[in-house]
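My questions will all concern the structure given below.
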Amino acid sequence: MKAFGKNVGFGWRVLLTLVALPAILLPATACFQGAERSLVLTTTTSTYDSGLLDHIIPPFEEEHNAHVRVISVGTGQALAIAARGDADVVLVHAPSLELQFVEDGNGVRRTYVMYNDFVVLGPSDDPAQASGLSNGAEAFRRIAESGAKFASRGDESGTHVKEKEMWSEAGVESVESQDWYLSLGQGMGGTLTTANELGAYTLTDRGTFLARKELNLVIVAEGDERLFNPYHVIMVNPDKYIQVQSELAGVFIRFLISPDTQQRIADFRRDEFGLSLFNPVHLEETP
Amino acid sequence: MEEIASGIWQALKLIGSLDPEVRRIALFSLQVSGLALLLAAGVAIPYGIWLAFSRFPGRRVLIGLTYSGMAFPTVVVGLIVFLLLSQQGPFGILGWLFTPWAIIVAQFIIAFPVIASLTMSAILAINPGMRLQLRSLGATRTQATLALLGEARVSMVIALAAAFGRVVTEVGAVIIVGGNIAGNTRVLTTAIVLETRKGEFAAAIALGLILLLISFTINIIATRLQGRALAR
Amino acid sequence: MSDTIYTLDRLVKRYGEREACNIASLEIRRGEALGIIGPSGSGKSTLLRLLNFLEPQTSGTIRFLGETYDARASVSLDVRRRMTLVFQSPLLFNTSVLNNVAYGLKLRGVKDAKTRASDFLQKLGMESLAREHPSTISFGETQRVALARALILEPEVLLLDEPTANLDPYNVALVEDLMQRNLREMGTTIVLVTHNVFQARRLADRTALLLDGKVVEVGPTEQLFSEARDPRTRAFLGGEMVY
């Protein structure tokens, strides 16, 4: 190389600095060494993207010298990853899928942590005339009748599962084949952005909606008990997957329902919105 | 338009204030992709050289496969690596899924055919008379081969730059196998996905600008070098 | 010590079915300039590659400096380094002119190769090119650099394949001058392949006509031009189609 060094020297140097040097330093950096113990938590986008987990997990990590590695995906994918033994614990919101997960022997110690509720959003001019309803199924029926656009997560997430339940409550069939029905295959955030741009109706959990102040969408229906949205934590079955950190996962589950954590859940962004995004279920006083 | 402008303004403030999280993610992206590139280059360059110089039955098939590897969808690479590294998969025992190693494996696979193909075609593009010319000046077989590699060196650097640009901007595979874990497997691209999903467009734009800066720098180097190589 | 440097005996080179070269007998004398003329495709370049031992012949022998090499002989590096070939289309390496000229010396382990290359370029009046990259110099300059790259090695045999093809008269004169000066200084044996009969007449002591890979006639250049024995030679020198 020496004989030919002259006219590529510059490129080599820049490339070396940009690529090789940091790469060589990589194994020395923290993320490769990690804490003593780590826990893989798969969860839904609503708990993570809203910032809730970043708010409640640090005390756990400090106290137990453990690192919680959060993978935020749809509930369907969160459970699927866990069912392959690639996670230790899941925090999701789709009761029917959760029960199936436990029944299949994939999870144990399913524990109720908190709830919030789903709301039906729509454009402010409300072409389906669904606003002000407290009957969620009626709102879905009117949307279907009016043929106004509806944006669906379409990703087997907890929200998507709930949405399918609501269509069937409303007696609307084969909704996927309607041309006003948009199955996006995106997370909650992406779905809200898309619905907002298209002036479409959509279903979302209240927490994610409140955290998105820039949206033009408004709540058209809320308060139906069928729109209730409970979150459960489930440990991946250590009898099925020996590598599951069952002890630490157990500690984590107890941590989530401990009074301190429950209070932190209740307090999370409450000052900002005037109400809790997530309501804990193991506190005596209700916010 | 207003949103983009204010987003860019806030993004510049984020970059200007050297937000530690943004800086960390950017550095981590460079590190992971850099290591993946080095490892891939360590195997792909010798492989490309071997493929260029050797003669054996089935060589054309192998060349074709190597070239088509460049068109392999990265998200499929992600899916395959996920399945391989999953506890259910053959390499689950390594415990690499959702760690930086998983990202490195995926980026290695994505970079390999790019580096190998471009190295090979760089050597094949050298005038076939060059080896005779070198031998005629008194080069041994080894000396001639080394000099031929020297002739292809600019194209090899370009190959590395192209592969680096491809892996550092890759998102689909990285999010599947890395899981976009904060402080652990979050790179620029997956952080952009997350911030966009959260509606935090300023942060997304800041990260996007850094990613642009990196890939532009790489491309400028590659173009400069290519300019020289073509000027021959 | 004989004054014959090469003796070719029934030397045949085939590429597949095609016979590129079939020379019953040819002697090249030490220190002479042998011109080889003939139409394109007559096997001139193949002959040069055989003389340079760049590829093995199919059959027959080459006797070089007292050693006889047949088709399977391995030629030592030392022997190969006594000769060099300047190709018809000069291939310069993708580095400075100076590095190009120094390359052969570096291969031979010469320590101050670059200094010597620099001095040599100066001697040839080409010092202004030293730092240039091949992509920035003219075709004539490229041809002269290729020649300098060969001459600096002070080879015992210099094999030239159409060194002035595609050059303008000015550059032809420069290249020929370069060759002749070095020929006189170093007593180099030159084998000059050219399709230009006038160039052969200017530079060669003896000239051979090659047709279809075979030597039709060989003799002192002036004699060949004035009283060729073979009608095909007379026709070729007269500018007629030989085929």
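Labels for the chains are A, B and C, by order of writing; each one numbers its residues from 1.
One rule holds in what follows: contacts are C-beta pairs under 8 Å (C-beta built on N, C-alpha and C of every residue); 3 or more make two chains touch, one makes a residue touch a chain.
Being a predicted model, the structure only gives us computed values, none of them experimental.
Nearest to the common centre of all protein CA atoms is the CA centroid of chain B.
Chain centres were defined as the mean of their Cα atoms; on that basis the chain farthest from chain B turns out to be C. Look at where the CA atoms of chain B average out and do the same for chain C: the two points lie 47 Å apart.
Between chain A and chain B, the centres computed from C-alpha atoms are 31 Å apart. Between the Cα centres of chain A and chain C there is a gap of 77 Å.
For chain A, the set of residues that touch two or more other chains comprises 3-4, 7.
Residue positions 93-95, 103, 133 of chain C each touch two or more of the other chains.
In chain B, the positions touching at least two other chains are 150, 154, 228.
Every residue of chain B that touches chain C in the complex is listed here, in rising order: 127, 129-130, 132-133, 135-140, 143, 147, 150-151, 154, 228-229, 231-232. By the touch criterion stated above, chain C contacts chain B in their complex at residues 49, 52, 54, 77, 80-81, 84-85, 87, 89, 91, 93-95, 103-104, 107-108, 133-136, 149-150, 153, 159. The residues of chain A lying in touch with chain B in their complex are 1, 3-4, 7-8, 10-12, 14-15, 18-26, 29-32, 34, 40, 45, 49, 54, 67, 69-72, 84-86, 186-190, 192-193, 211-212, 214, 241, 243. By the touch rule above, chain B contacts chain A in their complex via residues 27-28, 30-35, 37-38, 86-88, 92, 95, 97-98, 100, 150, 153-154, 157, 160-161, 164, 179-185, 194, 196-199, 214, 217-218, 221, 224-225, 228.
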